[in-house]
Amino acid sequence: MKGASKVIQVEHVVKWIQLTHQKIVATKDKLTELDQAIGDGDHGINLARGLDAAIQNLSPDESKEDLGEVFQKIGMALIAKVGGASGALYGSAFVHMAKVCKGKKLISLAELAQVIEAGAMGIKARGRAEVGDKTMLDIWQPLADYLNEHIEKVSWEKVQQFLFEQMEKTKELVAKKGRAAFLESRSIGHLDPGAVSSTYLFIALCETLDRGE
Amino acid sequence: MKGASKVIQVEHVVKWIQLTHQKIVATKDKLTELDQAIGDGDHGINLARGLDAAIQNLSPDESKEDLGEVFQKIGMALIAKVGGASGALYGSAFVHMAKVCKGKKLISLAELAQVIEAGAMGIKARGRAEVGDKTMLDIWQPLADYLNEHIEKVSWEKVQQFLFEQMEKTKELVAKKGRAAFLESRSIGHLDPGAVSSTYLFIALCETLDRGE
Amino acid sequence: MKKLINHPDYVVQEMIEGMALAHPQIIRKLNDTNILVRTDLNNAKVALVSGGGSGHEPAHGGFVGTGMLDAAVAGEVFTSPTPDQILEAIKAVDRGKGVLLIIKNYSGDVMNFEMAMELAEAEGILVEKVVVDDDVAVKNSTYTVGRRGIAGTIFVHKIAGALAEQGASLDEVKQIADRVILQTKSMGMALSSCIIPAVGKPGFELPEDEMEMGMGIHGEPGIERKKVVSADEVASVLVSHLQKEMPLAANDRVAVMVNGLGATPMMELYIVSRKVSQLLQESKIQVHRTFVGEYMTSLEMAGCSVTFLKLDNVLAELLDQPAQTIAW
Amino acid sequence: MKKLINHPDYVVQEMIEGMALAHPQIIRKLNDTNILVRTDLNNAKVALVSGGGSGHEPAHGGFVGTGMLDAAVAGEVFTSPTPDQILEAIKAVDRGKGVLLIIKNYSGDVMNFEMAMELAEAEGILVEKVVVDDDVAVKNSTYTVGRRGIAGTIFVHKIAGALAEQGASLDEVKQIADRVILQTKSMGMALSSCIIPAVGKPGFELPEDEMEMGMGIHGEPGIERKKVVSADEVASVLVSHLQKEMPLAANDRVAVMVNGLGATPMMELYIVSRKVSQLLQESKIQVHRTFVGEYMTSLEMAGCSVTFLKLDNVLAELLDQPAQTIAW
């Protein structure tokens, strides 16, 4: 270990998404079960398929591309291959992230917080959800806020702890958006599948950056 | 017990069919299972329904009617209410039996053998089956033959034994007529449902006549 | 047994009532019977009567209407209707041009329809019959009962119905029906059993990993019970059995029916039908039309059957004539 | 899991191929997509595009054809199709008169169709959308996502399709679609669950003696889980929920749909529809037409839904226009 990264480059993003893919494939059944409880049971399958497409899309040598291009590629792959609510939302998040990274080959950690904030905005704009609606936004927005605040001397381990806490909080919420909203108060007591998959996404990010290079 | 009847009158026939109805209702599930094995599983239900109609049709005071009329009534009820193969066949049997009893208020045991023979003819004519085809005919025809031979000093207990033997023999036969014929040699090892219900029919006759009146 | 019913004893009557209430433009129920007759019985034509045990819906009531059947007689579940009911149907639709009975080849159906035919003839009505025996899963033998009638029956209804509608004679209608029967072969398979409401338990049990090839529409055992194979393999096996009995050559023309037995999702039927289409394409056999859906079911059985009808110009044209029924 | 499939990953693609192979007169498949478009795209008219997750067959590909949809986009099982596919469908059927998207009210469908709409607009295509939300089992609230779109969607396809066929403008077609949506209420119930092929196990479990009222077509839980009751009681409960949301008075005119969810035999659907007919008759409500069968299914789920569409003369006439599709 060479210590945590201080900047984010294309190679980190590629690693991040590859690691996310591994995690989602490994937890596909769990995500499916969570979605069966308050949705329709396809979340794990859809994400695994979409992330598979996303990593196929990333050429082994991404050095010629900038972060904007890579995020755009990932976003478009997710939009085209995940389907359902989460495909539109994850896709919109990455496309929004691509916009703020346009032309950049490298960003600072402080900029990373803004990139994630941009992703949250993408989700909000597309899904018209608010924080507290028991959706993936309940990971994205709090994380962006947390990073904005703590980025000076961020501990990726603490971020992971924070993520799990946020994820657990979705259990007690009443779903207001997405398929779980049809259940009204009966959605209480279940984790939101999208919040769980977003947690894995960012755990993968933490691990990628923590490991450094 | 006043000893076995030497003649058959309308009241015997009514008792016979009532007793048959009881036996079929009691063994409905067994007949269904036999029919499920090599047919379609409706034999018990259909016969119970048809015999119910038949006994409803028999007025409490049949004394004004002759045997021909009573057999005809039973036959028509079976034809109209059993359905399927056995409705047509039992119905045809009783209608044929009615013909040979036309105008008679009373028949001897020797005549009874001929009446059953007539019933067997009805089944044969309608179903184009031969003895050995693994059908109800494998009860009717042998019984008619047996009675014709032994009617002088018939033992109703021995008849019952004979019936059960005939019934058991259908197990080893290959079905050549009816739904079980589709199974070809796989019909071996199963009792024929129609042979079983016919056995019950004639057991009821034996009991009726043995009990006498 | 989990069913949307009120009482096992009334399923047939209530279903027939439901059909008549839902489609008064097309059919009506004869009072105190389980007979559906078409509403437009005006023009003098040969009448077509079919029927059989219930549980095979939409057969046969779903095929009553202009251009197909004039009446359908519904027996109890899986039980042939009785001669008195069939006779009533014959009398209700006879318009003096004669009546053709379309019977599926089961002892019960054949006997009850024949009895009705005798009664009708005794009343001076001209009646003919044809017996459909399209199921190649059963050996064809004149010594026994021959083959079962299954989904191919619908093609007989359609083509004979179209010819009758055009004013053909009873003889002509019977002849074309017999021609269709000769040219029609079917075979089915099941993934699961079904429950006769009055019985309350399945007719047979199929283990979770097995299927039955050649299954009859009343749950009669088929040719072979085996491990579940892919949809493509199922289609190939069924098609090869059909081809063995009715060899088709390049440029022959067929109509195809991929029929669901009741509980099979349309998604699966189309996956099977895809392979059937491909196999026929490979053999350069012309497919005139393909019918995919539920035509002749077995209550809630999962599975399907495939039917080929070999066409000539006359049959093809009649098949394409319009028909106003619930289910064509 | 016992299914007639080849591989869970290919069920949608193979089904769409099967549909296109079976019905080349009516539909064709766009290369490298799971989009079915009608074959007769000649006359300049407003185009209708619908779609959604697969597993609801015959919806939506079964309703593509003259007088109904111009294209249907099939997503993975229970998964909304993606914007690129929807965009392709829009481009394939646009004839310069504009395109109406008919969307069922699920977050995934709404978002993906909206994204496609934005992309199409960016390419200069005139696009409008309507969102169907007929399922009264869900509370109607502007604070949340509102109601689900279920079987009533088919009435939107039919009536908007008929008006488009007559040459109406995009605005007019959108308006009538919105009118149908306002006048359409549905509710369903399930006796059993279904299995997404790629998941391989049921979405939920219903004990042998229980049913779920208000069940969604993706197995979303309903209003109440309770002991199985009679078909008549099921019909009464569904009808009373519909009536509560759309009170009908004597002489009001409706179209009724009793829709099977996949594994329910037609016998049972007609037993339910009988009671629905009777209830409407008792309330002196005029039933213009009744549709009984499978229109919007949930794979092999057992159960049904009931839909009421309140008609005026215009809607009734459009409903009765002919349509050439697989499943109408």
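Residue numbering begins at 1 within each chain, and the chains themselves are lettered A, B, C and D in the order written.
FYI, a residue touches a chain if its C-beta (ideal position, glycine included) is under 8 Å from a C-beta of that chain, and two chains touch if they have at least 3 such contacts.
Which chain is which protein? Per UniProt: A, B, C, D = phosphoenolpyruvate--glycerone phosphotransferase.
Model, not experiment: these values are computed from the prediction.
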Just to be sure I understand the contacts, which chains border both chain D and chain B? C
Average the CA atoms of each chain to get its centre, and name the chain whose centre is farthest from that of chain A. B
Take the average of all CA coordinates in chain B, do the same for chain C, and state the distance between these two points in whole angstrom. 32
Whole-angstrom distance, CA centroid of chain A to CA centroid of chain B, is 77
Take the average of all CA coordinates in chain C, do the same for chain D, and state the distance between these two points in whole angstrom. 29
I'd like the Å distance between the centres of chain A and chain C, where a centre is the mean of that chain's Cα atoms. 55
Quick one: which residues in chain A touch 2 or more of the other chains? none
For this assembly, give the contact graph shape among line, ring, star, complete and other. line
Go ahead and list every pair of chains that touch. A-D, B-C, C-D
Give the list of chain A residues in touch with chain D in this complex. 32, 36, 39-42, 45-46, 49, 79-89, 92, 126-127, 176-179, 181-184, 186
Residue numbers of chain C touching chain B in their complex, please. 53, 75-85, 106-108, 111-112, 114-115, 138-139, 143-145, 148, 196, 198-199, 203-204, 216, 218-221
Which residues of chain C touch chain D in their complex? 2-7, 11, 14-19, 21-23, 25, 54-55, 57-58, 62, 191-192, 208-209, 211, 228, 230-232, 234, 256, 258, 262-275, 277-278, 281, 289-290, 292-294, 297, 299-300, 302-304, 326-327
